[in-house]
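See structure below.
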Amino acid sequence: MDVIVVLEWAFDAVLGLGLLWLAWRTLNSPDLFKAIVLFISFGLLMALAWVRLNAPDIALAEAAIGAGLTGALLLAALARLRTTTDNTMPAQLPAGSWFQRGLLIVLLSGSAAGLGYAVWILPSHTSGLSMAVTANLDVSGARNPVTAVLLNFRGYDTMLEMIVLLLAVLGIWSLGGLPPRPERPAVAVLDTFSRFLIPVFILAAAYLLWVGADAPGGAFQAGSVLGAAGVLLLLSGWRPGVRLMQWPLRLALTIGAITFIILGVLTLLYEQQLLAYPVAQAGRMIILLESLATVSIAVTLAILFLGESPDPEEKK
Amino acid sequence: MSHAFAYALVGAGLFLLGLYALVAYAHLLRKILALNIMGSGVFLVLVALAKRTGDAEPDPVPHAMVITGIVVAVSATALALALMLKVSGKTGQAVLPGRHQD
Amino acid sequence: MNGSVWLPLMVVASALLPGLIIFCLPEEKVRTRTVLNLAGAFSKIILTGWMLWGVYHGDRYEMRVAFLPELDLVLRADSLSLLFIALSSLLWLLTTIYAIGYLEGSPHRSRFFGFFSLCVTSTSGVALSGNLITFLVFYELLTLVTYPLVVHRGTEAARRAGQIYLVYTISGGTLLLLGTVWLYSITGTLEFRPQGILYSLDGAHYPALAAIFALLIAGLGVKAALVPLHGWLPEAMIAPAPVSALLHAVAVVKAGAYGIVRVVYDVFGIDFAATLGVTGPLAVLAAVTILYGSLRALAQDNLKRRLAYSTVSQVSYITLGVAIAGPVATIGGVVHLVHQGLMKITLFFCAGNLAETLGIHKVHEMNGAGRRMPWTMAAFTIGAFGMIGVPPVAGFVSKWYLGLGALEAEAHWVIFVLVGSSLLNAAYFLPVLHRVWFRDPPDNWPIERDFGDKETAWALLLPPVITALLALLAGLAASAWFSPLEWVKLIAQREFYHL
Amino acid sequence: MTLTDYATACLLILGGIFFLAGTVGLLRFPDVYTRLHALTKADNVGLGFIMAGLVLQAESWLAAGKLLLIWLLVLFASASVSYLIARRALNKGIRIWM
Amino acid sequence: MEAILANADWGVIVILLPLTGGIVCFLWPAVSKTAGLITVAAVVLAVAGLGRQIMEHGAYRHTVGGWGAPLGIDLFADGLSLFMLIMTALVGLGISCYAKSYFNPRDAVWFWPVWLFLLAALNALFLAADIFNLYVTLELTGLAAVTLTALTGRIDALSSAMRYLLAMLAGSLAYLLGVALLYHDSGSVDIATLAQRIEPNATVWAALGLMSAGLALKTALFPLSFWLPPAHASAPAPVSALLSALVVKASFYILLRLWLELFADFAEGVSTLLGLLGAAAILWGSLQALRQTRIKLLVAYSTVAQIGYLFLVYPLASASSGLAAGIAAYLAFSHALAKSAMFLAAGNLMRFGGHDRIADLDRAVQRLPLTVSAFALAGVSIMGLPPSGGFTGKWLLLDAAMSQGRWDLAAVMIIGGLLAAGYIFKVLGYAFMQAKEPHDARAVPAGMEWAALLLAVGSILLGLMASEIFALIHPDLVANAGGAVERVWTA
């Protein structure tokens, strides 16, 4: 047993220090491309940390969104950035004088000590709200506690979350969309690769969605896997048709939020409480919400990656 | 289960590291990276300390919060990257013109 | 009872409503605007007369509206406020007539008359304020609505003058605010009451109260043009003549002086103020202002500037009378509120006539003006004699009571101030009168506008003649029951003998 | 520990060695093509050994099947991606180390 | 009908309405202007309904999902929240009427949905009783605000939106870290529950510091105000109005709420610091405003200064926190009305002359009298001259400062008022003058002039309604955690 404990500690120590080291290298490496690659590795290590912390739901979300999609977004942005900026300026240009940076370091070191102490004195054993969650899990309509919190106990947060996603799209579109990414010649292998992988992605998303009620997984994870499928499609050169970019796209982007609102109004009318599902229907409602939210999340993520405005005239 | 605390401390460290880079580096892409790392640090604190339940399953509420937070982070990152590209498209540089910190 | 609540409000509204309607009128609706102006002015006179009658017979007019938590806006008509209201209603009517003539054909008259009416509104509010917060509200309002009048011409010089005006008045208002809040934090009330609101306070507060007195007087002293806070007044001369008339005789300067009277009588109480030892310094300040203003007036060649410095000097008679702290001196000071108004407005109307008709702005250009404009210059002469204190013009009555009051209060040095100032007044007015009547006119005037066989337009001539006659009448019939003097005696009785 | 456990341990250690070798190669090899070679060794063979080790411990056929699927997926993905990387490197004109 | 109106759950409706409206605008861009205006008007009515319920039955609480805090999320509104909701609805309506004529069709398509989402976020924020839910609403507010800032696509707007976004995200993350610490210290994110459990220890102090710093950054408290002037100056006029009037108030409200319910008892040192920074903000912001040569930057720096006034309530709150909250809310409302009117007026002047250089206003008084009146009336409130909301607020603040012998704060307020008069009249003085080279002017739609004027008149009238308003924010209606649960009322 002791060996295991020591190994666990060693693993945690390596992981923790690795995280800090990777973060530092990400922020400090002179080459931006390297920085992004390091950031993606950082994300994968974070996923590992989530697993160590018994948070498989987050590990899935982190791997798919935190490392995967954010990484793709960053790389795509870098590629576009290189077409617009002059490369003469060093990417590492520090802001502010050395004195200011020194002052900052002193300040932050002080904060670090304070923050560390603040964390350290917390009681070493507490259950938070887990008792309350467990007690109400049976009537929540989901057996995975995280899903129960996300879609039921704190479903209102998730409803607003759908609007956050929508706002990101609105923000990018209102800027007139992004310049198209530099064209690359089509690659046969990539094409085949996508053709094979996309059904797998869809299958995986469906599985994550379905299993989410009982085990790690759910709308956000499924949505991000589906979104990744979309990204892959876009990478291999596929573009949605103009007609698809209008109404169907807008509907897909909002369907999650719309479902939340409709369910909200219905529950308000029949249960007098916003998003209070009747116990008998709770499971079904959660599945409905999750499936439609998955569609919105997936489409939103793919659109964020595409970054182009739906209106052809908008491309300045 | 005090390795929960160790992870929480790492999280605090990541937050401050990101904050330092956010202020100290001018390049916008680096600032965006810094924000993401700050976010990861905060998430780590939230989730690590949720594991102080002894042998029982960790507290699921912070887990749900972090999933929410990750989605916010990716949305904000996408918007920030788009803005950065627009700024650099107009100025040819991915830094903020004229620091208004005076 | 029902009428008594609304009357003070109606007095304020009688100027406010025409003003607001005039803002909305298009520029070319001259007739409508004139009718509105005159209707407002006449209705105000009628309402004032009604209230005078009532107050004389012991009625109370008071209106209260909730304003701040535990602080009301109060409009109340007592004998002092009616004195000021009566003056302002009368002079508003005359100034309006004058302004209609003066601004004929010039641009932006809607704006001008709108703000003009608002200016009178604020003055009425100042006059009718029943507590310090209400006073403060209307006092600041007065600052705001006179600014557009000062910068009315829209030139760079006007903008500068406006800026100077604001620097002084807004700083003054701020000091007043500070004093008011401080007072409120000590007393918890700001009502104007005979004998003041402070006599029951603990002695520990006395230093603070003295400081508050200084703040309030400094705040009010800016508008009352007490030295060294008078700097804005000569600069504001850039404004059109009716505005100067209004600023000097009715609204701004008077609001300051009136405020000093209120603060000394109804906030501190004259007895308490004397106990506190703040009246002496105030009297000295007033005396200094009187002499300084006169000295500066001597050196001015610009006629309106000379009159402005004269105002600095004359308004402080009011403060002096109040600060001497005796019933007789009070009569002299408070009655000067009316007398100075009548005389100074006459002088400004005449200065405006000279500028408008002959293009005269400087004293040295006035040679022989009496022959060209005999009526105007006759009115000017009456006003100037009044300022010097020549009997039987109203100014003499004021100085007489001030002198008596000083003797009664055994403040003998005041006599020297009065004599000195009268000599100085003579020294800066008599040479002007000599030029006007005994020197030959130049071959041609700077500008000459033709009014047929009249010396100038009716609307320009009538107001100064009327005000000159009124100034004469106030002196001649000083003991008649309708005279300002009698009314002021009533006020003094109520303050000093607690009637 | 049973015989399967020993077998698992051996397979895992073997897989670990491949990963280690692959990582060393990734860090030490001179150019992108050779590094890719090292990486694919780790992914394909190393992961294969580890999967094999884990399959021995699987509680059901279903779980074993899933593990196998994961391996196949990774094989496929790493093959495609290595190809894409190498191709891009060639297009960019990165010379092969000789 | 009467019964339905009386029993409808208006608190939820004021959140759902603009959400729905925003989605409608997104799905059918062609009708976005109409849908937007109808939605905002409906929100005003719904807030009125909520107000009536709160006046009759006391504080409002809605347990979302029926779980109840701390497991679920509660919505909660007392007099203070209601007051902020009223502010948002009324000012929002005024700005919407303005925006109707302001935007070209290309921008309108984006403005309306984002503005409605912003409105939903603000309403949700003022109704939130849960610090994590507040984080989500804060993020929504921030993203919407940044999007609106960048709407013109001009370079200054883009770079200030970028800076704004970075500041917003950093602030949110600091706040979220504070939330994390509080949750792990006390096991709840519900404010009322936290209030019962919270005890001053290092963790709570760290949370307090992080949350205050994050929120101060979002509220642009000096010296964290670097992002505000460029953002507010470069955004389109109605957006500047929204940002200055409402968005900065949102994070301020959270700070105030946390302070009232959680931190006031033990964190006096921090409140002194906040007051000090507020005082510095007044002086620095006013001086900067005085230096500006462009109207919009001047007005933006004025916002920095006016935010300072809001923070002066913290050091004065020790005597009576209920009253201090009332004063802060009142100041926030009067600033919202006045500052929105000013930005809208500035927008009119820009539309009219094609620029916002103060020295070239060129007889705007005659040519654009309603707009200049709006600017002047709003200016009266900003300067704190009577009668206006600004005056009443400043009076109350001065009274509190003097009663507690805080001469330093009183002096700062007085100086701030004088400087404000300086920069307001700087604009007005030039508005009377003729420019050296008169330039042609473009027509300004009447609706835009009237919207600005009505908001400005509102800022004046507010000064005459102080007693009614303080009855609304009366301490009985302001919840303090212990008693909050007893006054729970649901439809």
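Labels for the chains are A, B, C, D and E, by order of writing; each one numbers its residues from 1.
Following the convention adopted for this analysis, a contact is a pair of C-beta atoms (placed from the backbone, for glycine too) under 8 Å apart; a residue touches a chain by one contact, two chains touch by 3 or more.
Predicted, not measured: the structure shown is a model, and the values here were computed from it.
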With chain D gone and nothing shifted, sort the other chains into their touching clusters.
one piece
Chain D and chain C - chains in contact with each
none
Chain occupying the middle, per Cα centroid:
E
Decide which interface, A-D or A-E, involves more C-beta pairs in contact, and give its chain pair.
A-E
Farthest CA centroid from chain D: chain C
Can you check how far apart chain C and chain E are, centre to centre, with Cα atoms defining each centre and the answer in Å?
43
Using Cα averages as centroids, what's the distance between chain D and chain E in whole Å?
57
How big is the gap, in whole Å, between where the Cα atoms of chain A centre and where those of chain B centre?
12
If you average the CA atoms of chain B and of chain E, how far apart do the two points sit, in angstrom?
27
I need the residues of chain A touching at least two other chains; which ones are they?
115, 119, 122, 126-129, 133, 153-154, 157, 161, 164, 167-168, 171, 175-176
Mind pulling the residue numbers of chain C that touch at least two other chains?
none
Counting only residues that touch at least 2 other chains, which ones in chain E make the list?
132, 136, 139, 143, 146-147, 150, 153, 158, 181, 183-184
Show me, using the given definition of touch, all chain pairs that touch one another.
A-B, A-D, A-E, B-E, C-E
Looking at the complex, which residues from chain E come into contact with chain C?
363, 365-366, 369, 380, 383, 385-387, 391-392, 395-396, 398-399, 402-403, 410, 414, 417-418, 421, 425, 428-430, 432-434, 464, 466-467, 470
As the complex stands, chain A meets chain D at residues 187, 189-190, 192-193, 196-197, 200
In the complex, the residues of chain C that touch chain E are 23, 65-69, 107-108, 111, 136-137, 140-141, 143-144, 147-148, 151-152, 154-156, 158-159, 162-163, 166, 170-171, 173-174, 177-178, 181-182, 184-185
Would you mind writing out the residues of chain B in touch with chain A in their complex?
1-10, 12-21, 23-27, 29-30, 32-34, 36-37, 40, 43-45, 47-54, 56-68, 70-79, 81-86, 88-89, 92-95, 99
Would you pull the chain B residues touching chain E in the complex into a rising list?
12, 15, 19, 22, 28, 31, 35, 38-39, 41-42, 45-46, 49-50, 52, 61-62, 65, 68-69, 72, 75-76, 79-80, 83-84, 86-87, 90-91, 96-97, 100-101
